[in-house]
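Two complexes come next, and they have one chain in common, subunit A, joined by subunit B in the first and subunit C in the second.
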Partner chain A sequence: MTGSRHSGNLTEQQEKNEEYKRKRELRNLTIIVICAVVLAAVVFVCANIGYIKFSIPDIFRIFTGGGTNRENLVVFEFRMPRIIVSILAGAALALSGCILQGVVRNDLADPGLLGINAGAGLLVILYVMFFGTQSFLSVFTLPFLALIGAGVATAAVYALAFKRGEGVAPMRLILTGVAIQAGIAALTTVLVVKLDDDQFDFVARWQAGSIWGSSWDYVIALLPWLLILVPYVMSKFRVLDVLNLGDSVAGSLGASVEKERRGLLAAAAGLAASAVAIGGNISFVGLIAPHLGRRLVGPRHLVLLPTCALLGAVLVSVADTIARVIVEPSEIPTGIVVAIVGAPYFLYLLMRNKH
Partner chain B sequence: MTDNEEFANGQPPVRNKSRAGLTGMILSVGLLSLFFLMAFSITKGAVKIPLSAVWDAFFNFNGNDIQHLIVIDIRLPRAIASALVGAAFAVAGAIMQGTTRNPLADSGLMGLNAGAGFALAMCYAFLPGLSYMRIIIASFLGAALGAALVNGIASFRLGGSTPTRLVLAGAAVSMFLIALSQGIAIYFEVAQDVMFWTVGGVSGSTWEQVGLIAPVILIALALSVALSRSVSVLSLGEDVAKGLGANTALIGVFCSVIVLILAGTSVAVVGAVGFVGLVVPHFVRYLVGVDYRFIIPCSAVLGALLVVAADLFARNLNPPFETPLGATIALIGVPFFLHLARRQKRAV
Partner chain C sequence: MSIPHGKITAIIGPNGCGKSTVLKAVGRLLKPRGGMVYLNGNDIQNLSTREIAQKMAILPQSPQSPPGLTVGELVTYGRFPHQHGFGKLKPDDKKIIMWALEVTKLTEFENTAVDNLSGGQRQRVWIAMALAQQTELILLDEPTTYLDLAYQLEVLELLHGLNREQMCTIVMVLHDLNLAARFADHMIAIRDGDVICHGPPEQVMTENVLRTTFRIDAKIITEPHTGRPACISYDLIKENN
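Right after this comes the complex of A and B.
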C-alpha cells in the first residue's frame, strides 16, 4: 500500500506477492504430498500391526503375492478391508465437515448438524431393542438402517429449514439442525434407559464410534458413494470459496446460491451418512479435520478439500489401528482414540498459530 | 404502562423504552407463573396431594403426616432446585452466546459438561460407592477443570483469547474429555451407571443440596445482571467493543468465571441438560431484542419456568417411573426452537 507512490516500490511489492504466492503453492503441495506419503506408510504399518505380527520383509513378501494362505488370510481378508474402510470413512467425514463449515460458515458445524449421527443412532438403538445384539438378520441390515435414519433426519432438517423465496439460509439451517438433533437425542435417552446390559454396551460402543464393517463387502458398499460424490465436490471448489463470502456476495458474484447449496448439502449428507452407517459415530473427524486443514493450507478449497480428505483418512486409520492393538485382544471404540489423538494435535495447532 | 400512555398521546413509541416495558412485563408475568407452576408441581406426582394439604404443610406442619413430609422434604426442594438450575443454565447460555457471538454456543462449550462427565466416570470407575454429595462436588471440580483447560488453551497465546479461539478450544477440549470418559466408562463397565446418573435430573434433590447451590447460583445471577451491559458491548464484536473503550479481556475473564459458577454447579447437580442454555436465550432474544440488560433477567425467569415445567412432565408422563429430564426439556424446547429457526432474522 505504501508503495503506491513510487512505481519502483509497486513492482517490488508485486514481485514479493508473486514470490509469496509461489512459496505458498509449493508449501501446500508439500503438505499434500506429505499427507499422502503418511497415508501410504500408515496402510503399510497398519497391515503389519495386530494380534499376529509380521516382520517388514514378510509384509513385502505378502504384498507382492508370495504369502502363505494363512498370511494372506490375515492381511488381505482381515486387516486390509478394515484399513480401507477406516480410510474411506475418515476421508468422507472430513470432506463432509469441510463442505458444511464452508456452506453454513460456522466453526462448530459438523455432519452431526444435519442430524446424521442422531438419526442413524436412533435407528441403531431401535434395531438393538427389537432384535437384540446377537441375531443380526444380515451383515447389511444395521448399516442399511443407519443409512435410512441418517437420510430421514437430514431430509427433515432440510425441509424444516427451507423457506420459499429464501431457500435454506445458513443460520436457519444451523438452528433447525440443532433442534432436530436435540429432539432425536431426547428420544434416544428415553429408549436407552430401557436397554439391558448387553444392548446398552453395544449402543454405547456404537455411539463412541467403532468400525464394525471389516470385510470387503463393506468396502464395496462404501466405495461408490465416494467415487460419485468426491469428484462432484472437488468440481465445486470455486463455489465453496464463494459461498464462504456470504449469501449476498456469492449471489452478486454470479453463484446460483440456493441450487449450489442444495447440491453441496446433499453431497455432504451422503458422504457422512455412508461413513457413519459403516464406521459408527466418529463425528469428531468431521469437526476437526477441516480446522486442521485450514490451519495447514489456508481457506482455499482447491487445496483444502484434498488436504482434509487425506487428514481425515490418516486420522481414522491411525486411530483405528491404535484402537485395535492398545488393549489387545479386546478393543476400544475407534472414535474415542480419534478424539484422544486428534484433539491434542488440534489444540497444539490452535496455540501455535495466530489465526 | 408507559407504552400505552405514549400510544395514547399519539407519539411513536421509543424503541428501547418499549423493550424495557416488555421486559418488565415478561419478568412480572414470568415470576408469577413460576410461583404458580411451582405450587402446582408440588401437588402433582406419583402421590397426589391436595392444595389444602400443601397449605397445611407450610403453615401447619405436622411431622407425622406423610403428605406433609413429601411436600416439605421431597417436592419443595426439588421444585426449588429445578428453578435454580433452569435459571442458571439459561443465563450461562445467554452470556456464552453474547460473548462468543456464536448461536451454537452454550455452557457446554466451556468444557463444563464434558469435565463434569469425566469426573463422574472417574468416580464410578475408581471410587465406587462415593456418597451423593461427594459425587456432586467431584463433578463441579471436573467442570472447573474443563473450563480451566478451555480458557487456558484459548488464551495461551500472547494477546489473549478471542471468541473464535475460545469456541474452537471448547469444542476440542470437550471432545477430548468426552472421549476419555466414554473410554473409561466402557473399559471399566460403568457406562450404564454414568448414564443413569446423567438422566436422573433433579430427582433426589435435598435441602442439603439446595442449601449448597442456592446462595452460589443466586449471587452469580445477580453478578451476571450487573455484568449484562458489558455483555451487550462484547456482543457487538471485539473490535467495536474495544473501540467503545471496553476492557474486553477483563470482561471475558469475568464472564467465564460467572458461567463456570452458574453452569458448573447446575451440571454437577442435574447432569448435562444443556439444551436449556441454548433454547431459552434464543427465545428471549426473539422477544426482547439484542440488549443483554433485558436478555439476561428474562432468560433467568424463562429458564426457571422451562425446567420446572419439564420436571413436572418428567414426573407425571409415566408415573411412578420418571422420564429423563433432558428428554422432557427437549420435548418442550424443540418445537419452540424450530419455530424460532423459521422466524429468526438476526442471530446473536
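Right after this comes the complex of A and C.
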C-alpha cells in the first residue's frame, strides 16, 4: 500500500498552513459565538418591544423573576412564546435550506422546492373551505394538516423524480419540484377563488407567512421535531460535505449516496414542514440563510449547519418583531418582512458575484 | 479481462464506446447488467460501499468542487471512508493529508480555494484527494480532458511517479493515444462495449487494432525517446480500398 513516508518534522510551509488553519477555525468559532450572542440580544430586545414598553432595568427584573403578574403575562405568555416559535421556525427553515442546497448541489434550492409550502398551503385552504376560520379545532389541526400536506407533496416530488437504478438525480429533483409546486399553486388559485372574504383573508395571511402560532402550545408542537431532526442532521455533516462533491465522487468516497440523500431530504422536509405549519410561508429564510452562512464560514457543514441555524433564528425573530410593531397595533406578516429585508440583500450578493 | 496489479492501465476507444461505463462498473458506481467485477478475488457486489472506498478511489471526468472550498479541505474529504462519527482528524489522518499534498506539490496551496487554481492544479487536487483515500487502486476518467498540453503531461507525470514510487495501481480512460502508449504499461482498446485487444502498448497500438477500434488508418512508429509506439498520422478508412 502507498505507505505514508512522511517524516515527523513539519516544513516551514506546513507550519504556516497549520497556523493559518488554526486561525480560521478560531475565526469560525468566533462567528458562531457572535451569532449566538446576537440571538440572545434579539430575544432580550424583542421581549421589550411591543405595545406595552418596559425600561431595560424592568426587563432585567422580569427575566430574573421579579415581575408583577401583569408584566409576567405580557413577557412570558404573549411575547416569549412568539419569539421562541420564530427562533425555532427560523432555525428549522435555515437548516432545511442548507441541507437541500447541499444535497441537490444548487444554490437556488429552498424548502419550497420540495413542494412543502405548496402542499401545506393546499391543505390549509381545503381545511378553511370546509370548516371555516372560526372552528375551535384549528389551533391544533391546522399545523397538523399543513404537515400532512407538506409530507405528501414531498413524497410525490421524490417518487416522481426517482428513477430505478439511478436514484434521484439532483437536476431531476429540482425540475420535478418546480413542476409539482406549479401544479399545486394552480390548484390553490382555483380554490382561492371560491373562498368568502373571511376565509380569503385568513388564507392570504397564512400564505404571506405570519407567525400565528404564538402560545407555548406551538413551542411544544415544534420542539420535538427539532430535537429529533437537528442531531440527526448534525451527525451527517460529513455526508453532506461529500454529497456536495457530486454523486460520483461521493459514491467513490464510500457514501451510500441514494440512502443518505433520502434520509437528508426527509429531514429537510420534516424541518421545513413543521416550521411552515406554524409560521406560514416564510421559506425565503431557507434560501438566504445558507447563502449568508457560506459567505461567513465557508462550505464545510460542521460549521455551516450551526451558523445557518443561528442566522435563520436571528432573521425570523427580528423580522417577526418588526412585523409585530411596524404598523402597530395591527401587524404585517413576517414572511413579507423577511422578503423585504432579504430580497435586496440577495440581489446584492448576486451582483457582487458577477465581478 | 484483468487489470495488472501495480501497473498503469489505459483504456482507449472512440466516443460512446463504453470506456467510462467500464470504469464506473469497476468502481461500482454502476451495477453491471451482466458480468462480474472481482477485486483481489472478491466480487465487489458483496462489499460495502465503504469497504470499496477503502480499496479504490474513482475520479470522474471533470469533477466540480463547491465554491470556496480550500485545497486542504477537499483533500481532507479523502479521509471520509476511514472516519467514523463526530471524531476529529486523528494524527494519522493529518499525516496522510500532508503527505498527499506533498507528493502532488500542493503544500503551498493548502489554504487556497480550489476554484482559484489553474486547471492542471485543480486536477492535482482531486488526485491528492484520491491519494488521501489511501487505496491500492485509483481509477481516473479522462484526467487530462480540458487541460493544456503542459498540464496534461504534468498530471500524467504525477500519476506515473505515484505508480512507480508509491506502488499505486492506476487505471485511466485516456483520449490521447500517444499519451496512453507513453505512460501506460497495459492498454485496453474498447469498441461498442467489447474489448478489442488488451496487452502492453506494443500489442495494442498497432495499425490493425486501431483500424478495428477507431475505424482509422494509422501510421505507427516507435518513438525514439520513450521507446513506446506512437501514432504519427491517421486517415479515415477509404471505403473502396
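Keep this in mind: the second predicted complex is superposed on the first by the 326 of 355 C-alpha atoms of A that agree within 3 Å, B and C clash if a C-alpha of one lies under 4 Å from a C-alpha of the other, contacts with A are read in each partner's own complex, and residues count from 1 in each chain.
Note that contacts are C-beta pairs under 8 Å (C-beta built on N, C-alpha and C of every residue); 3 or more make two chains touch, one makes a residue touch a chain.
Since we're looking at a predicted model, the values are computed, not measured.
Participant: Given the superposition on chain A, which partner contacts more residues in subunit A: subunit B or subunit C?
Facilitator: It is B that touches the greater number of subunit A residues.
Participant: Once the structures are superposed on A, label A:167 by its partner contacts, choosing first (subunit B), second (subunit C), both or neither.
Facilitator: neither
Participant: Looking at A:13 after the superposition, I want to know if it touches subunit B, subunit C, both of them or none. Which is it: first, second, both, neither?
Facilitator: After superposition on chain A, A:13 lies in contact with subunit C alone.
Participant: Under the stated touch criterion, which partner chain does A:242 make contact with: subunit B (first), subunit C (second), both, or neither?
Facilitator: Only subunit C; A:242 stays clear of subunit B.
Participant: Looking at the overlay, what does A:21 touch: subunit B (first), subunit C (second), both, or neither?
Facilitator: So A:21 only meets subunit C here.
Participant: Is A:193 in contact with subunit B, with subunit C, with both, or with neither (first, second, both, neither)?
Facilitator: A:193 sits against subunit B, while subunit C stays out of touch.
Participant: With both complexes overlaid on chain A, does A:205 touch subunit B (first), subunit C (second), both or neither?
Facilitator: first
Participant: Please work out whether A:253 is in contact with subunit B alone, subunit C alone, both, or neither, and reply first, second, both or neither.
Facilitator: second
Participant: Which subunit A residues come up in both lists, the one for subunit B and the one for subunit C?
Facilitator: No residue of subunit A touches both subunit B and subunit C.
Participant: Can you check the complex and tell me which residues of subunit B touch subunit A?
Facilitator: For subunit B paired with subunit A, touching residues are 102-105, 153-154, 156-157, 159, 164-165, 167-169, 171-173, 175-176, 178-180, 182-183, 185-187, 189, 191-192, 195-196, 199, 275, 278, 282, 323-324, 326-331, 333-334, 337-338, 340-342, 344, 347.
Participant: Spell out the part of subunit C that touches subunit A in their complex, as residue ranges.
Facilitator: Interface residues on the subunit C side: 24, 27-29, 31, 49-54, 56-60, 63-70, 72-74, 77-78, 80-81, 83, 85-86, 92, 95-96, 98-99, 102, 107-108, 110-111, 131, 133-134, 136, 162, 166-168.
Participant: For the complex, give me every residue of subunit A touching subunit C.
Facilitator: 1-6, 10-11, 13-14, 17, 20-21, 24, 105, 165, 235, 238, 241-242, 244-249, 251-256, 294, 298-300
Participant: Where on subunit A is subunit B touching in the complex?
Facilitator: Per the stated touch rule, the residues are 106-108, 160-161, 163, 171-172, 174-176, 178-180, 182-183, 185-187, 189-190, 192-193, 197, 200-201, 204-205, 207-208, 284, 287-288, 291, 327, 332-333, 335-340, 342-344, 346-347, 350-351, 354.
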